[in-house]
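Please find the structures below.
Look at the two complexes coming up: subunit A is in both, with subunit B in one and subunit C in the other.
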Partner chain A sequence: MSSTVEGALEKAATTVRKVRPTWPVVLLALAGVILLLALLRVITGADDVASSGTVRAAIRAALPIGLAGLGGLWAERSGVVNIGLEGMMIMGTFGAGWAGYQWGMWAGVAFALLFGALAGGVHAIATVGFGVDHIVSGVAINVIALGAAQYLAGLAFTGHPGGGPTQSPQVTPMSTFDVPGVADAAHSIAEKNWFFVSDLAGIVNGLTSRLTVLTLIGVLLFVLTWWVLWRTTFGLRVRSVGESPAAAESLGVSVYRYKYIAVIISGALAGLAGAYLVQDSTVYREGQTGGRGYIGLAAMIFGNWRPGGLAAGSGLFGYTDALRLRSGGESVHALLLLLAVLLVVFGLALFRKNRRQALVSAGAAVLLVVLFLVTDEIAGDFTGMTPYLTTLLVLALFSQRLRMPKADGQVYRKGSAG
Partner chain B sequence: MTFDPRKAGLTLAAPLLAIVFAVLVTSIVLAAAGDPVGTVWQTIFTQPRPRNVVNIINAASVLYLSALAAAVGFRMNLFNIGVDGQYRIAAFAAAYVAGEAWMPGKLNVLFSILVAVVVGALWAGIAGLLKVTRGVSEVISTIMLNSIATALVAYFLRQVAEKGSNNIHTTTIPASSQLAGFKLVGDAPNAIYTLSVLAVLAGIFYWLLLNRTVFGFNLRATGMSESAAVASGVSVKKMVVVSMLISGGVAGLIGMPLLFGDAYNYGLTFQTGLGFAGIAVALLGRNHPVGIALAALLFAFLNEQSNSLQLKAGVSNDIVNIMQGVIVLSVVIAYEVVRRYNNAAEQRRVAAQLAASRQAEEVPA
Partner chain C sequence: MRRSTKFAAALTAGILSLALTACGGSSDDNGSAKESTGSSGAKSDIKVGLAYDIGGRGDQSFNDMAAAGLDKAKSEFGVKASESEATPDEAESAKEDRLIQLADGGYNPVIAIGFAYSEAVGKVAKQFPDTNFAIVDDTANTDANVTNLVFAEEQGSFLVGAAAALKSKTGDIGFVGGVNVPLINKFEAGYDAGAKAVNPNIKIESAYLTQPPDFTGFNDPGKGKTAAEGQFDGGADVVYHAAGGSGLGVFQAAKAAKGLAIGVDSDQYLTAAPDLQPSILTSMIKHVDVAVYNFIKSFKDGDPLTGTVTFDLKSGGVDYSTSGGQVDDIKSKLDDFKKQIIDGTITVPTTVK
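For the complex of A and B:
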């Protein structure tokens, strides 16, 4: 049974994407990006575009987005659009804050998973059980979760030391550690200021120092998701339910059950993303998620509904967010030049197929270069826009190459297979 | 379409059931948290005083505009989540223009409203264009545009505000352009916003547009079956852009009653979050102009009445958000259940008729 569905999936996949990225290609691309950043640093003098501090900040910014996106990935692979990620994440932050300050951060993580899964369960009941429009249910869950977190926070945190209706008492964060050997060596090379080599070492140092177990778990979850969804029977069934529920049902797969499981996992992952935010800032705070659930969804779409792509997408948003925090005006200003180069490349690639759009992107590149030359810095309010503008731009450039699960967002009634 | 009393009854039963269910869920939450359930409902369901009635009408008219903006898109399965950003950027632009007072008195008001509509439409149009030219989901792009609007407005606000002042806002609009409002409710000290009439006008416009124009027909057809609409010659791309423009234009109106009736400038304290509330109201009212009006009144009523919860019952008024969210979710579930029930009933009826006519045919043979 599984081979037929697998064959159909593979066929659908190959007709759309002609090139599957292989390891050498990915590594080359990574090296290319680092080279570009190194060049950018030398040309513009913006030291923070590739420093270890920026990389560390980027991971901190990227992980909650990535985990929320991973939640979106699970739901949408099973055919359920989950715009309620933001609300599930809010439930996660409350759970982590509430249990975290009383029994420690690990209890916080457990409750964040639980509360997120509960919200996911509500979404599953509404969309799968009752066949409500997925976006409608998601919007409602966002409203309920926000209200619930605010109401419960007022009850749970008022009167406790450091707590109040909008903030929990301090949560003791997890301890951090460096990867022995690698982090120090990378640090000393990064200090040497060698072109490219030091940039690479700075990035490695950022990736291997001051880590927490939660960060590692977050990264491992990407691998685990890939393995479960693409290498196990269970995952194949989840995906088959998202591609063609009628075909899956005719083969004996319980469509509802797999959708329920996937959406509940989705909620739990979004909750975990919330827990990560609490661990990072050591408190629950109202409005802490700041739309990261939505950005996670965008990162997942950018990543073509795949864990690797999602990791790249959330990394990009995390990176632009980190630049904003680390000497934002100067760094984002430097980014303009990089963007112009990318637009030119894009324009050239498009030139034969679509003259008009190639010209548009070339025009945008010229504008950016002019902007880069006439200004020294980007104003604070504008650097705040960087992650959102990047999201829009990236989606505008790449949306047409994307392929979402075929039955994504569609309501399926049991027995429709006939 | 013939009037079917049973069907109409079911349509009305769904929202009522949902409200009862929401009251139930909220009660359970309150009881579990150890809050006084009875006092809460007593506070919310007392008769509002005249002052509160005016507040409810004002809030409802604003919510109504917000919901209409979302509903235009919903009717063709276009999810404009960006009403929030559209109304804020439009309200800022209108407040700036009104403050500069390039035109005298009431003409200034009209001109500013026009500016708001155009700015709102253009901001929403970005998402429409991105969707039809580059295939970007409008859900994602409008959410991103919300955040970008926030940053843009913050930036421009700082540019136009008086330097050195803590209270950052646009120039206050001249007295000749401020609108006093209607004193309709007997002895209430406050007045209903003059520009609440915009809500009524927009409601009529929405109904006419959808039910009496070719565009409205095409819009509804696209929403019900895109492939059928395409087959009958509807340009879906054009529909997407135009409906986004209309949706954003209506969103531009949201801030107007408040701007000219109470706030008189756009500052950091200008009311936010109306866009998301509007989405919920539109869903509750099933995108129908009358349904939305009822839903807007209900939401405004709940918001206004819950203000005294903290004082009278010692309960945070955040509980109302839970209730509103549960109402929205349970109402769509209720509609879905009713729809399925109707479908099944219809099938049974047709089957019975068919069987009867077949029998009638077989008898003479």
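For the complex of A and C:
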């Protein structure tokens, strides 16, 4: 039996590994993208595409989405669909705002984790303990969390300076720091306006300056999640209950316990995503999450239920969102050209394997180039869609073989292994 | 198995009812609880129903201004009032129910704050032809018993646009709108015109945080910060926001970039945190309080305002703020523009070219 589970997981892993790029390939691709951005800057004059400000804004936009998605990843790897991420994130924003304005941002983070975990616990009790349909429970959590946060905010914040039923008093944000040596050096090179080198330096500067410890923790959690889920016994068990709970149980794994743990961690991560939003904007505000929980869930699915894919998806979303907010039509217009080039590269790579798909992407590329040439700027009505469209397009093309955990979303009752 | 299914059903039911009460708590049951009469002043039989937009009393902005107008009417005329507020992402029917509840409870007039009530007022006003309705920021309804209270935001925005251009050293200013809707376009149009009246060659950057029907752009300080940062990085040194709660992010970006920001709706210098105050140049004030008060007053006097009533610079419905003293040196120039708009020498456009 043991070999069945291990074998199944191993087999699943190898099928995925076939399309999974290795480190040199990833680095080379990154260099290629930066080269493209540098070219783009020179050709179109859209200076903002690789500036440190854009990179910083991209991280800020990407992290809450990514952390929520990471929460989704933990839950779904254990076989529980978590559509309640948005609600858990709302609980996190309230916790961070409430504790944050009284005892500082770190207390806010702690309470965000706690409140998120509590909401996760409710989801776990409903789905694992009572076998409620995962979607029903998740939607219920979204509704309750919104109502609960509104109710609690009215009680907690009314009458305090700067606070009201929809907003918390201001939270003192965490102090920021630069990576010594690197940030300054990168900044001075970025100022030089050298082709490629300055673009690279701008990105490095964006990644190494004005950081908060919370940002670092957020990034490290991606690595930690990968390590725990794919490199430890505990992680193997979590994944095994998501792939084949019956087999896991027959081997003595307590399916319920692992699901409970994973879903509670999931809630805590979504809560942390909420704390990140509060730290960034220095207040809790009603409606602040703005659907980021759902976007995180989608990025996680397109990222093939893996931390790396999720990071790429939320990063891309964050980057394009930052770009269109910062400089609007101009940068988005330049982005058309970049997308066209990527589509051509993709089409060429695919030409042998799948003619039709290659032709489709080539056609799309031609369309984008035409659009680029006949317009000067993208109208405001469309720039708002950029992050959604780009992420959808790129991820849809690159994630052809999605494989979700086999028992994901299925209700498992103890003892059904027989 | 059976037992757990029962448990599950009970749990789900419990959860849902809890959720409903939680939602309802903030919106529907305020009818009797918050009913109050002004302590001083003459007694009056008038019962005013006030339906706030999201945020309600205490939002330090739009809704609070409306509440201030109501409070003034309460203390001066002794009117009774019932207040209730909208919740984010609520269904259209919830807005209708709120208005019906007020009208059904004998509240007359019923005042709806915000264009979100547009359709609901249209429907409910037809059901209650004897009740007077008023809606702030919307002109879609033409029923005889609906009064549209609107503002000449473009006129106030013109003045702060002129202030931005007069204060800008780089000749580059920015505008951050919450949601790309005609109402917010009006702010941008006035701002552009005012800035160009001072400096025809000025560069104006503009960004909207979300596109309708996504209205989260009014509540997302993070996005406000990103957009304003982009404009400051691009060379702008004064940024005006018409983005509700997202404006906080614009103030933060202004502070970080050592630039200036312009507030909206209320005098935001007064409610901002002390560390942000030096970054706030002025605010475009929209006197919702005046509109609400005047409407109630006209009703009390037996001659209710009807049709579409525009509150502009002339009637004191819009203005710029001077708190903080940062516009003191250009005040004479701004007042000059104000005079020209009032006497009709300058006509401010309402749509962006």
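One rule holds in what follows: the second predicted complex is superposed on the first by the 384 of 418 C-alpha atoms of A that agree within 3 Å, B and C clash if a C-alpha of one lies under 4 Å from a C-alpha of the other, contacts with A are read in each partner's own complex, and residues count from 1 in each chain.
Going forward, a residue touches a chain if its C-beta (ideal position, glycine included) is under 8 Å from a C-beta of that chain, and two chains touch if they have at least 3 such contacts.
This is a predicted model, so every value here is computed, not measured.
Once chain A of one complex is fitted onto chain A of the other, the partner contacts of A:Q170 are limited to subunit C, with no touch recorded for subunit B.
Once chain A of one complex is fitted onto chain A of the other, the partner contacts of A:I135 are limited to subunit B, with no touch recorded for subunit C. In the superposition on chain A, contact of A:Q410 is made with neither subunit B nor subunit C.
In the superposed pair of complexes, A:S51 makes contact with subunit C only, with no contact to subunit B.
Of the two partner chains placed by superposition, only subunit C is touched by A:T282; subunit B is not. In the overlay built on the shared chain, the residue A:A148 is in contact with subunit B and with subunit C.
When the shared chain is aligned, subunit B and subunit C each come close enough to touch A:G384.
In the superposition on chain A, A:G162 contacts subunit C only, with no contact to subunit B. Using the contact criterion defined above for the overlaid structures, shared-chain residue A:S254 touches neither subunit B nor subunit C, since it reaches no partner.
Within subunit A, the residues touching subunit B in one complex and subunit C in the other are 122, 126, 130-132, 136-137, 140-141, 143-144, 146-148, 150-151, 154, 165, 291, 381, 384-385.
Residue ranges of subunit C in contact with subunit A, taken from their complex: 1, 4-5, 7-8, 11-12, 15-16, 18-23, 25-26, 54-60, 64, 85, 87-89, 180, 205-211, 214, 216, 219-223, 225-227, 229-231, 233-234, 245, 248-249, 252, 271, 273.
Contact residues on subunit B toward subunit A in their complex (touch as defined above): 29, 33, 35, 79, 81, 130, 134-137, 139-141, 143-148, 151-152, 154-155, 158, 276, 279-280, 283, 316, 318-326, 328-329, 332-333, 336-337. Residue ranges of subunit A in contact with subunit C, taken from their complex: 48, 51, 53-54, 57, 60-61, 122, 125-126, 129-132, 136-137, 140-141, 143-144, 146-148, 150-151, 154, 158, 162, 164-167, 170, 277, 280-283, 285-288, 290-291, 321-322, 325-328, 380-381, 384-385, 413.
By the touch criterion given at the top, residues 83, 122, 126, 130-133, 135-137, 139-148, 150-152, 154-155, 165, 291, 294, 297-298, 301, 379, 381-382, 384-385, 388-389, 391-392, 395-397, 399-400 of subunit A touch subunit B in their complex.
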